[in-house]
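The letters A, B and C name the chains in turn, as written, and every chain counts its residues from 1.
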């Protein structure tokens, strides 16, 4: 809403810098990844990018499969924009912003087929494992998309099955050492590329997010192929701009990949 | 016998016993409970003769008459503009206080100040119900163009400004930036050189963060000299 | 069978290992983390700020609003469905009541102070950890408060008084009483007292005294965590 802020951000980008002194395509430092921040979760992770902090947790349960895929497990991704993380977030059921965040994280994981869903079947047609991922920001200082996607992926890779007792009853108190059936070659990471004027940036801080015109979230597999795309923002993009942004997304994903351990 | 349990310039938390006995007086930020004086907020102890006062280290801005503050236009109504002061209470700028021009009723108010505009204004009135009036008539009061806005805690503003403006002058001289610090903590910084603008921002944030630690002026002077590579003249009083 | 040795080998008057940190959520006006054993509570405070919806505003005094929530992956059992439950709403209310006595609401008429408590990992004592974290977060936010509030659960198993019950102790086969308390260290008064289970009156009294004593130790931790925030790294002050 503040016209001056947009002008200022553009001026700075014209001089190859940003509000916090970074270059257009720099991520904030440090990027910290902490695994196992919730011992009760089957898998969990906290990612810090600059001052943005997001927690992701995995819970597993035994459920009936979907009727159209009786021999495959279920996956659900949920996001809650906690009011503690940003004074503008309100309490209440997830609004469209939370839903978009959840769907973006979901798309990256589901479409990459990193989880071998068939291996989650226990009794085909009757009982399968359901994987539930929850991402929650603790402090929102910009770029929840990429922080949440990274946290969800690392949590997923660290997750283990809880013990399954007789009658397919889950004993959450005992965790096994068996990891989820993941195809690690499909390591998918998301980078969101934003456009303002004729400039492209990654990892915006809150003030920058306010003045951006459009964005594309690019989910890339380890082999460089894309598995999910989503455009957001109110401004339309030309094909050239789209391809340029995708290129940037793929390139910057390589950098984020360092944090996957 | 009266006893002081805490030293000057120590940090204290709510409920902490600062003194025992009736010889000491509870100043601002403290209260008397029986024979003791206790802290009523997180703050820096300031012993002034027999009075024990607290300099607050945190807390949101409470509008005060006479304060010059920076706010932004958040709503436009029939009789003027509503201004966000980064406080639980907003301020009202009415047509007659908007500036030197005469503004007729029914005029398009966005021509003067529109949504999101940042302005430097002065508080003329605060009622018991916390209704706040501001004026744009007066020296230095105006709409802000360009530059950037940062926020520091309102209680740190006196240190950022310094005695007789000496601290902020030092920062302005060293960086060449224009700086206006609102009493509410909202601060405007402008410099054509992005590196100097960022340095100004970082310096102000550093002053605010370290405001309660002695030797501040020296530290800031050294910091500016290190970052600019130039000697900093200082006429700062008080440290 | 009498409860003679604690499941996690602690002494009966020994609380779990505790950790307190202040200022961990930069966007909030005040924030804190408090950990008791495996229970971790985060608290963030925003305010005083404008209160919406408008009709809830009180022109004579401010409002304190507490929101308690367990994260979906926090529990030792199944996933916790997001959203307010009757339990979380009750705990939000008692958190507010435990904190209200120290806050002077007349300072901010028409405005609200929001307190958010979120738990990423739980092992009993969540309301107590939440209140303890919330008190630090309120002080960190510069709210005018007469005192901090410290909270712990006490209880008894088969007549044996103990402090800081774990989930397994609450579920122990025997005569169990679980008694969360919140305490104002300065005025030595209780602002929260609940009891689930069966207990004799004299045991209850002993438990409360043990709670007060432990809360005094928790207060020291809260105090230090608050003061710690204002030291710069490498500064000896």
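Heads up, the rule we're going with is that contacts are C-beta pairs under 8 Å (C-beta built on N, C-alpha and C of every residue); 3 or more make two chains touch, one makes a residue touch a chain.
Only a predicted model underlies this, so the values are computations on that prediction, with no experimental measurement involved.
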item	value
Which of A-B and B-C has more C-beta contact pairs	B-C
Chain whose Cα centroid lies at the greatest distance from that of chain A	B
Rounded Å distance, chain B centre to chain C centre (Cα mean)	33
Centroid spacing, where centroids are CA-atom means, of chain A and chain B in whole angstrom	39
Per-residue multi-chain contacts in chain C, two or more chains	49
Multi-partner residues of chain A (each touching 2 or more other chains)	none
Residue list for chain B, restricted to those that touch at least two other chains	none
Touching residues (chain side chain A, partner chain C) in the complex	37-42, 44, 51, 53, 55, 57-59, 61, 78, 80, 82-87, 91, 93-94, 132, 134, 136, 138-141, 170, 172-173
Chain A contact footprint on chain C (complex, rising order)	24-28, 31, 38, 42-44, 46, 49, 67, 69, 71-79, 82-83, 114, 116, 118, 120-123
Complex contacts: residues of chain C adjacent to chain B	29-30, 47-50, 59, 102, 104, 108-112, 139-148, 184-187, 222-223, 226-227, 230, 232, 235, 237
Chain A-touching residues of chain B, taken from the complex the two chains share	72, 115-118, 144-149, 194-195, 198
Chain B to chain C touching residues, read off their complex	11, 13-17, 31, 33, 38, 40-42, 56-60, 88-90, 129-130, 153, 155, 209-210, 212-214
